[in-house]
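Both complexes below contain chain A, partnered by chain B and then by chain C.
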Partner chain A sequence: MRQSRHEAESDMTASIDGERSAAASRTAWRMAGRIGFYTLTCLIAAFFAIPLLWLISAPFDASPTYAVDFPEFTLANFATILANPYALPSLLNSVILAIGTAAFVVIGAALAAYALSRVRIPGRDALLYLLLLLSSVVTGTAAMVPLFLLVSEIGSAIHPMLGIDSHFAVMLVMSSGLLPAAIFMLKDFVDGIPPSYEESARVFGASPFRVLKDIVVPLITPGLATITVWTVVNVWGNFLVPFILLRDADRQPAAVLMRTLYTEAGQPNLALLATFSLLYSLPVVLMYLFVSKRYGFRFHGGIKS
Partner chain B sequence: MTPMPSPPDEPPTVGPADRAGAIADVAPPQRGRRTATDVVGLGTARAVWFVAPAMLLIGIFLLFPALWTLYIGSTNFERTGPNHVNPEFTGIDNYTSVLSDPSFYNSLWVTLLFVVFSAVFGQNGLGFWLAWSLRRVDRRVRRTVETLVLLAWILPSSVVAFLWIAMLDRHGGTVNMLLDMPGTAWLVDYPLASIIIFNIWRGTAFSMMLYSAALSSVPPSHLETAQLAGATGAQTLRDVVFPHIRGHVLTNTLLITLWTFNDFSPFLITAGGPGDRTEVAAVYLYNTAIRDGDLGYSGAISLLILVANVVMALTYLRMLRKRSAT
Partner chain C sequence: MTQIALTDLTKVFDGNVTALDALDLTIDAGEFFALLGPSGCGKTTLLRTIAGLEQATSGSIHLGDRDVTRVPAGSRDVAMVFQDYALFPHMTVLDNIGYPLKIKGQSKEARGDQSLRVGEQLGLAHLMERRPAALSGGQQQRVALARAVACHPSLFLFDEPLSNLDARLRLEARGFLKRLQRELGVTTVFVTHDQAEALALADRIAVMESGRIRQLGTPREVFRRPANTFVANFIGSTPMNLIDGTVAGGVVEVAGGRLPVPDELAGVLPSDMKVIVGMRPEYVRLSAQPAEGSIAGEVAILEHLGATTLVTVDCAGEAVSATVPEDAEPEPGDRVHLAPQPGRMLLYRHDDGELVEPRTGDSA
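Presenting the complex of A and B:
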């Protein structure tokens, strides 16, 4: 009896111990899980950060190599940009292409989006469906061959401005690629504006043109700004279209020159590559910061074509 | 766990539509927001003129090239030489020779591996993991990681391509330094794996953002209930989260598949090489059309790519329609 009681007691303590140790091991597991989770997060953050480090360190390094190391600080590398006859002109070409394309896209999309949103044009829904389909199907890749031929054969035959080596032709090609998505984004925007503003302006006798200029344009300005930034970022980074349609090195934008700088024969000039990369990337980063600060980096489906 | 009723799985967007909704609450309900109301008195004729410039550009530079590909692909057109001056109509010859060309099947296989591993598994998985795990961490940590992921996405492709070339360099590259494997030529020995990992790095941002928006549509009360019921993380994901975001998973997978399939950036890193080991569809097309000048033949390849795009896009649009119908 006594014996068994003792046994029972020891059993009880054992089971309490067991529970304690189970709880301890659960906490330990949770801790381990936590540590594992943060380690994994750090690794993934590192995976995204490491390729970018070179872009920050190398431009200021007195003797840049492929490796990332703490730079021996200098600004002398930026002089290589001035020394290269193509570097600054290529950035200017990028600016020209971006502004020209943005003008086409913003004007074309604003007119079309407003009319498609407010007026029931016959066949509107079919048109919108076709636009959505075209914009995702006819990509630069898929249309590489016909676009090259369209510009080099037909365009050149009509006028040099529509042929190879023409900025104007590149602008037309790029804006038509961006227009369908731009029309959709803006149409969504106009759909969200109640027509009562325009209505009351009309009641007070303003002409349609006046209403558009004084009521509609100010209302959709944030939408226009979004489209502009989106277009500029797309054109700024676009490689394929100018690569195919611009052969003359004097007319190529930074995207194409960048590749020339690292594929041309001989030892690549790392000081030039690093500083040029940074200078060429900076506008995109600034625009991203501007947009995310001003409007919050809102999610638009298919923002990147 | 019983499946929970799922509300329409649209991500809540704080956008113009919401603002209009707020105003509509105050103002007496007028016409539906969706119906077109020509309040300005534009008139159909003028409206057509408004739409015309954009349609003209799209017609010439998107629609016409797509249709023209049909014709180009059935000629023996070349960039130079006699076939440039007088191309002949060859019917379906190009298509039959493309379909019996080993380099076409090589490209098909490489593209398949590239798309499946970098987009379907890589970007999809990592994007979801980031969106899911960053919900609860400290705001500053979250912002930092998100900014890094987004930077990889927004920087110009020729810059990021060079950053990867530098990082993977045989002699001084950061990867060899970190892994202590000096002399490993990643782009020569493991070219396809390199561009797959590059593309995961490059494109995960989109999936991350889409899934972040999607996850905010999962009611927090459902998650709490799951937690109280003692569900493990995997069970919560399967039974509570997934039913809410099923549509988003499909949308995302389809979109990133379409984009990765048409992606030209591998060209900037490997140009299809060494040999043809990274010749994805876009690079294969460039190499036959512009480098080799075989335009008729590559017109046939173009058409095959267009057809594949049409199939993916139609599936996508059909899904969108089904979702907006429910």
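Presenting the complex of A and C:
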């Protein structure tokens, strides 16, 4: 009897010890797992952060390489780039193209999204999806030759504004590529406005345009801000369309100018490229900060803005 | 003060759904008029057609002596209050009330003064700078009313104005609405699916079903003498007893008993005519003693309604209900006798459910 009790006690201690060591090893594993996880995320973060670090440090370096170094501090690169007769005008061209295209896209998308949201036509959704599908073709690489011919042969014949070397023509082409997706995004916002708001205004005598101006536009401002930013970013980064449609170096935007920053030996001029890239990215960053502060980026209608 | 005249008004949606079916209706100047019916009966379509938000398929609408059938919504001089109030969320209360005036081209000062005055009149003075989202349901409703009042229309249209309020607030708003309409004297049409609301507010009620008006009358007429079994079923907080019966000489055989034929119909009904006997529970007397002209049954269910109790009695397989004062409740299982109050029993034709009237009572 006594013997068996003793055995039972020792069994119990053993099992408690066992549990303790199991718990300890579980904790250790969890710790190891965490450490592994954070190491991995740090590596991934570094992978993306290093090019950005290079972008920030290289412009201030007298002789930048592909490596991220602590720079030999100098502002000479900025002086050199400002001396380039095309550098600042190209940034201005980028601004003109971005603002112009954004205006076309925002106004066009607001009108179209409102109409598509409120008017019942058969096959409306099919039309929208078809447009969305085809829009990727318009500014896609495959359409570049027909697009060039369209602008240089037909556009130029109608009016120089629609021909080669016209900012207006570039805006039209890029708007047509961006509009379907913009309409698609904005329609979600318009769909969220109860029809009774507009009907109420209509009964009080408001014209359709008045309803759009007084009721619909103020209520979809976050959506308009979203597509404005999205359009500007798209235009700002687009190389192919302005490269093909603008032959005159005075009219080319920054994205196109970038390709000319080479040394006499035909090597990329890293100092100038980095400096110009920094200048090139600043306006977009500033715009993000401004819009984010003003409207706050949120999830809207399932589309991350 | 504007009279509304609808003539042969028809609205067909998508070529096959008839929402309004050749309606003829005249609403008098200054009247508080209710369109009552179950959902899908066309009442809201009728209101929206009067407002101009829907185009009539055929027929005409006259406001006063103007034919407005083809006049666009904004030019009819009407104000509409929507079920969800449709307050503009990006405008303050002041701007919301002033919006119709802004459309009419009034200056900022003029419409500010006007909005403030109307807002004060409706008890909103302390809320003028708030956005609609910061208001309670009752306050939102008053802002919507103020917006309608501020533009001095010749006609108010209310689409379920009280249905978004909770029960207690609804009673309060009901009194408020009625007082406001009295004070302004503007012709008002409102849509509701709540028969109690229609009975309480309206000068006259049109009960609608599938795009037609089933009965038109004062709340009292509609409550006392529903023109057909549809209206009889729809009106009243406790549903009317509608029991199949057969005429046999001077009495109607119903639910295992015999009730005398109403006086005004005596002698004009053919024997063996199939009828539906209609009695409101409020107009049925319940007694423990057998009496002449009553039906007998066993008490099945008691439902407490506050000051009264609804007693459902099983009379030869038919459930007949009666209301009794709370202190005169029978016990379930009691044997009781039910008799309609004199002049409150109605007979409907079995085939089409229409009320048997003295003049038309000879034909079945």
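Just a few scattered comments:
Criterion: the second predicted complex is superposed on the first by the 226 of 305 C-alpha atoms of A that agree within 3 Å, B and C clash if a C-alpha of one lies under 4 Å from a C-alpha of the other, contacts with A are read in each partner's own complex, and residues count from 1 in each chain.
By our rule, a residue touches a chain if its C-beta (ideal position, glycine included) is under 8 Å from a C-beta of that chain, and two chains touch if they have at least 3 such contacts.
Values in this document were obtained by computation on a predicted structure and should not be read as measured data.
Touch criterion not met for A:Ala225: it reaches neither chain B nor chain C. Applying the stated contact rule after C-alpha superposition, one finds that A:Pro194 touches each of chain B and chain C. Between chain B and chain C, B contacts the larger number of chain A residues.
By the touch criterion stated above, A:Leu279 is placed in contact with neither chain B nor chain C. Touch criterion not met for A:Ile96: it reaches neither chain B nor chain C.
In the superposition on chain A, contact is made by A:Phe204 with chain C only, not with chain B. With both structures placed on the common chain, the touch criterion links A:Ala112 to chain B but leaves chain C unconnected. On chain A, the patch touched by chain B and the patch touched by chain C overlap at residues 194, 196, 199, 202. Looking at the complex, you find that chain B touches chain A at residues 11, 13-20, 23-24, 27, 30, 33-44, 46-48, 50-51, 53-55, 57-58, 60-66, 68-69, 72, 77, 126, 129-130, 133-134, 137, 141, 144-145, 148-167, 169, 171-174, 177-178, 201, 206, 209-210, 212-213, 255, 258-259, 262-265, 268, 281-282, 285-286, 289-290, 295, 298-299, 302, 305-306, 309-310, 312-314, 316-317.
Taken together, the chain C residues at the contact with chain A in this complex read 51-53, 73-76, 78-80, 82-84, 86, 88-90, 99-100, 103-104, 151, 157.
Listing the residues of chain A that touch chain C in their complex gives 194, 196-197, 199-207, 210, 214-215, 218-219.
Contacts from chain A toward chain B in the complex involve residues 37, 41, 44-45, 47-55, 58, 65-68, 104, 107-109, 111-112, 114-122, 124, 127, 129, 131-150, 172-173, 175-177, 179-180, 183, 188-189, 191-196, 198-199, 202, 208, 211-212, 216, 223, 233, 236-237, 239-240, 244, 254-256, 258-259, 262, 273, 277, 280-281, 284-285, 288, 296-299, 301-302, 304.
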